[in-house]
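So, here's a batch of structures to check.
The same chain A turns up in both complexes below, where it pairs with chain B and then with chain C.
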Partner chain A sequence: MELTILRGAQALGSLSMRPLHSPALPRRALWLAAAALLLATTGCRRHQSRTTAHEPVQGGTLIYATDREPICLDPHVQGDMPQVFLAEQYLDSLVAMDRSGHILPWLATDWAVSDDGRTYTFHLRHDVTFTDGTPLTAEAVRANLDHMVDPHTQSSTAGGYIKQYAGTDIIDTYTAAVHLKTPYAAFLEVLAQGFLGIESPRALARPRDENCQNPVGSGPFRIVRWDHQSQIVLARNPAYHWGPPTALHTGPARLDGIEWRIIPEASVRFAALQAGEVDVIDSLPPEAETPAQRNPDLWLLMADRPGNPTNGTLNIKRAPFDDIRVREAFIRSADIDGALASVFFHHYRRAGSPLSPTTPFYSPAFEHHADYDPDRARALLDQAGWTGRTEEGIRTRDGRPLVVHIPLKASLSAAERTLWEQVQATARATGFDVRLENGDDTTILEREGQWDYDVRIGYWNTSTADVLRIVFSSAFLGAAGVGGHHQNEAGFSDPAFDRVVNDALLTTDPDKRRALYLQAQTIAAQNFLQITTYPQSTRLALSRAVHDVRLEPSLNVTSLYDSWVTR
Partner chain B sequence: MTSLSLAPSMARLPSRRRLPRPGQLGPVAAILFLTLLAIAALAPHLLTHADPLAIAPRDAFQAPSAAHPFGTDQSGRDILARVVYGARQSLALGCGAITLSLSIATILALIGGLGGRIAEQAVRWLIDILFAFPVLVLALLCTATLGSGIGPLIVAIGVGSAAGYTRMVFGQVLSVRGAGYVEAARALGHSPARIVARHILPNAFRPLVVTATMGIGQTVVWSAALSFLGLGAPPPAAEWGTMLSMGRDFIAEAWWMSFFPGLAIVLTMLSTTVAGRALQRAIEGRGP
Partner chain C sequence: MTHLLRRAAWRLLGGILVLLAAASLTFAALHLTPGDPVTAILGGASANPTPEAIAAARHEYGLDRPIAVQYALYIARIARGDLGQSFSQHMPVIAVLRAQAPPTLALMASSLAVAWLLALLSVVPTARRGAAGAIASTLETVGAGLPQFWLGILLLWGLAFEWRLLPPAGNHGLPALVLPTLSLAIPLAGFIAQVMRESFDLALDQPFILTARARGLGDGTVRLRHALRHALLPCVSLSTWAVGALVGNAVAIEIIFSRQGLGRELFLSVATHDMPLVSGIVLFIALTYILAGLAADTLYVLIDPRLKGTRP
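And now, the complex of A and B:
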């Protein structure tokens, strides 16, 4: 019941939270659910603990443990989730986004959009300095946007988001006019993400790899040093008084500093939290979630991330998935709910739509468009001519067995790995021979670059429905980023779809955008391009000594700016 | 002739027959376990009726019970069945890799021992180079170039552990080739092939039988280590190392997932070691 009500709260586009223990007592569960719903809809200010009577404490160091180390600390380069989590602590963005998707001022106090939608004029705060002493000026905005689109930066995420960028004119010291080649209605939405955080132009002028080691921002903390494969040390920026409007307080951060530890092993990370060696862990694995809920010394902070949910994208450029019937049959052969009930311990909900529910313009109409239905799957395979059978019961057509190759990266979590093993077993029952092929991450990235897969496991976190254009439009069929993978991993190319997602960028009228994104979701769903599994989410477990940890709404990434610790 | 054949490595004294006593319970238990392992590898259906691959997500993480003596895993698969069916994989790997290792060792040792001064030096260098790499690093290198799966794994471990065996066989060949009975055979005009087959190989191999028996256990551990790292047979194959690796993530919730495959690995290693030592005593004729 608790879960159902929470789902309701999530559907409102709010923060999902399961803050306390969840014993089987229905009354207590109901109370908790009610509290969670209330908190979720009121912006979750007071969720953290029974110790709300405390006044925030100044000082102290917070130890944060995460699973993956960033490959570069500058989020412009490549652009993977570990980078944006760190960026949120030491970078500010031009604009912020609130829980309902509204764009709010941050480093830019206000902005104007030209009538043709191709020029954004930003007026900047006058009182911001980067931690290397460089003042924030229009020049800095230009240097940052230029840096993101510079091919040498190899920016898959930030650079991919602003492909339309044409250049920046300096109107005066604090006014920058950003020009786009084509109108881009999602521009402010992506600018709110930490991936497009504003760095010191003086630091950006250094060689890329040097900037990767110690990038400089204007955020509440600054990077002190990076001990590779161990930790990143951050210290408070005492001058900081330009926090985002989404924050809980103003002025400098309350913590003296942060130790950002890298602990890849999920069980070790959780054990370190239970032992009090670290204060906060992220990527709490599903198997640790119930023990964490039962532990009275811990609390949880969780939220689904917007974007394209965790999925297996079907490669439609080659057989067997070049046939839409085989794609639908495969998706309907996969019992995802079984996996969510077993290895995910009912903690994750199903994502059935091409957009995660927290994405602006998400439509719930597609949640069940391709549910598990082995009978329909068998009928579809018969129609598609896969009527023969091998001795082992694998379907064949013209003597060729129905084989599906799925490369599995070594970094895949145990739960995710199991999910695909269960897909393998259920799809086998309808006659698919699913080959799960283990490999190290580099090898598999190479395979992805060569379209050498039938299913590619991935996700795309972003604060805009424009993610549909990135993962399915023909403009993103080319190689991108350091690994050379394709952002459109399905190989889908449909002029009608391209037109819809491009048209959605031409207007800022929410109703028109909603209608166009509904069309885009419809086309994506009807083409059976992905097995969507569950929404990406930020899952933190925190010691009760830690207070006011917040998730910045643009991507639901951890922000430690307001946080304080009681020892 | 008779006195010549008394070279130490040729000594073959009959083992003294005794009644089993407490000190021999170990070997007996070891041989029993190895027999069980052999049954599991050759006829697994005799030990369990469950299908090691059948998933039942709603029965996931069940503790050991009458229905599932070893419990179920994260997909509701029966762990007893997976441990039993995993034996074939592990033993095939163990025996395959040892066979490959010994073949490489024999060929290199014969080339080095009988191929003249340059060949001897070359083999010495090769052994030194191979020894500079830890077995697992060499094995990782092999799987990186050959890919993952059981075939590459046999090659990886076989090549990786060849250096040790090569050094042993090489040492034996060197000591045997100068022995009086070999010289005598040469003087009698026997062909080199016959000398190798009749005199050198049997004597070079004898100490190896024991080491190889123990080596099977070591190989099972190494293959478990490599499959633990995700380089073993692809899913859903039941493999002890993979099961252990998967189980460690759930150890707080479902200890049985890693305990039973771990136990199988430990008992295999222990049994081959105990059996190997018993064999050693039997061959060398020394009392315990």
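And now, the complex of A and C:
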């Protein structure tokens, strides 16, 4: 309390440029002024970083505010973005990835891949212990990989990424041979993601729902407490000296701890940062980006995430998008650049390619393959036979109007919704009747399972170009009997494409993979399967009191391992 | 004594029927709306669940059984006092309630208390006092007409964003409780004050007021000791309704102020069709409502001793 008041007094000092600690000032007046300030400006207490510190400071607690609460703290279970943000703070991975997509050692010091590409032998560090005291051994690697693929784990992400996993042999205490059913060149790339972080085998042996509440890792912080819907409290792991090679320092984390707060409302989250209630926020709303840039107390940290960018995937299994000309016409009738400029205040760039620019083996060749071109769109519709017009100007063929159904989930952000309203407006000018159909998430998911949509809005964050296989290859069209759930939302099925993306898994030679993924991107772009809009991105706004926040390269999620605060 | 026991038995039976109805309606509502909890849980935006994972989850939660069996098991489970395991939170429902109920109950209690305080301050000094009464009465009508969520956004914008007097979000400390409380209390105060003013006016016309004045009591004493007691009864019944309404309105307020609580939890659990959690929260709200009714009955007797034994 006393400390806070003192900071209030300092704040007054810096505001009025007059030393408050002059002995002439009566003590009681000082207390009163401080108390008044405390009431009026609880805010000013945290942004006091003008004290220019260049040397990292030990200690202190950082308050991080995020939009969504993880449903389970163990990222193996389900596996949504909020989980991997938190996993980055308390879990380590077998390997790390750098900015250029190279795989580096981390918990595994080195590894060997068998000639048939189906066995990966990992040699582990000998000096790593989880925060419950369990040592890292080959047994732990086996327990983790087994856990990810166990159907009972309910893993949507980690388990899906290593479907090829067959089992692990323990060679010795610190050597594990991981066997795959088929060669999988993207294996190390996905292992670098926090979704596949390595947890304490002893903690994993507990029931799933118990492990969800307080999973145990070997990372720079450990989870202390989870006040549901409010915050997750983390404390430094003092034994930590096995940080990733991409980190800025070695040894234990500089912060004593982290308070990971959940503030779902974007404007409230930004207001909390401005008021100094929190030190860092993520998912900075687009309307706050300019004010944040102009605020001298704040700085911004942003990066695009690799994977398949935010998009509307066209369902080619039914009319009208079973016709490639109508698909191209629709994509070219949508003025995405204009919409992005107005919705996101010029802060977001267009993503024109099936891969986001930060993805390994991304090619810039397709950024403009389907730019806004209403004249070409109209010509294509004429060719495809959509030559009639209703009174409202909607194109018709054989008397049927050109209708595009786009289901919108209730959880879709307001900005994304507005973006699609703009697409609706520009596509209408070309003669498309775009219907934006709102529904709650489960209703829309059910429609998606039944292929009942023309455009499906989504994205896919992952550290490998193998994402193309997931979203466009025929192996992901969905199995019967499980609610029709499928990942290939376009319904695209092309043997040539399947061959290319499957071949890309057979070789670890980067040049061969690059050539194959170029082919895959070419086929995906030429078939006009998605309106890609903007890359998914991590957008942080930070107090000037916060230093050395890093984005972990494989998914560009926040890492607070190097961070320190000056107060 | 037997009379009292019979009354208590009827009360208990009524309460059980209300809970059963609430549980059944929740079950029906969640099964009639389209959607599947398993795809909601496993099929998030960046999800890649294997068919085996989906089948395993469906089996784990008993969703692969016929609907009548699911209903029977559900009612039997609740009858045993077992609220089950939340699909979406990976926690026992009872643990979710234990964590989320206190902040909502605190918000409800503070809102009800502040609403009563505002209503008393608005009515007691101004009733039958010409212009002051007219102004207060107008303010009460305006207050009662304000939608809580709109008031919440307005208070948030003015007091938290612009003037930064109070924290915009969270559950940390009393200051964070102020804005959500005011958003819920001001409209409720309007309602309570309108009812209170009407019965206060009526009470002031009663012969016993004249008697009291004839005994030489001052105006303040007459108002506080005699008229007010009569004006309170209808406000107490209104407050039982308000307890129910507060939980409903807490959904919007907890979302606007990013507050921890049952309202936000209810919103999230409906979105994921998390049946055990939705029914757990609904049952908790129904129970709160029943208990509020009982508390009101007790208060009636305390305020008006004449009711002892005569009320059905």
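In this section, the second predicted complex is superposed on the first by the 507 of 567 C-alpha atoms of A that agree within 3 Å, B and C clash if a C-alpha of one lies under 4 Å from a C-alpha of the other, contacts with A are read in each partner's own complex, and residues count from 1 in each chain.
The rule is simple: contacts are C-beta pairs under 8 Å (C-beta built on N, C-alpha and C of every residue); 3 or more make two chains touch, one makes a residue touch a chain.
Predicted model only: the values in this text are computed from it and were never measured.
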### Query
When the two structures are superposed on chain A, do chain B and chain C clash or fit side by side?
fit
### Task
Tell me which partner A:335 touches in the superposition: chain B (first), chain C (second), both or neither.
first
### Query
Any idea whether chain B or chain C touches more of chain A?
C
### Query
First (chain B), second (chain C), both or neither: which does A:229 touch?
second
### Message
Contact-wise, after the overlay, does A:470 reach chain B, chain C, both or neither (first, second, both, neither)?
### Response
second
### Query
Can A:410 be said to touch chain B (first), chain C (second), both, or neither?
both
### Query
Taking the superposition as given, does A:154 touch the first partner, chain B, the second, chain C, both, or neither?
second
#### Entry: Touched partner set for A:209, first chain B, second chain C, both or neither
second
### Message
Tell me the contact category for A:250 with respect to chain B and chain C: first, second, both or neither.
### Response
neither
### Task
Quick one: classify A:266 as touching chain B (first), chain C (second), both or neither.
first
### Message
Can you work out, in whole Å, how close the C-alpha atoms of chain B and chain C get once everything is superposed?
### Response
5
### Query
Touching chain B and also chain C: which chain A residues?
267, 410, 440
### Query
What residues of chain B sit close enough to touch chain A in their complex?
53-55, 57-58, 60-61, 74-76, 144, 147-148, 229-232, 234-236, 246, 248-253
### Summary
Within their complex, chain C touches chain A through residues 33-57, 60, 85, 88-91, 96, 99-100, 156, 160-161, 164-165, 167-171, 175, 255-258, 260-261, 264-265, 270-273
### Task
Under the touch definition given earlier, write down the residues of chain A that touch chain C in their complex.
39-43, 71-72, 77-81, 151-157, 159-161, 163, 208-209, 212-213, 227-230, 261-265, 267-269, 271-272, 274-275, 277, 307, 410-411, 440-443, 445-446, 449, 458-462, 470, 479, 481-483, 485, 487
#### Entry: Interfacial residue positions of chain A with respect to chain B in the complex
266-267, 285, 287-288, 290-291, 335, 338-339, 341-343, 408, 410, 413-415, 417-418, 420-422, 424-426, 435-440
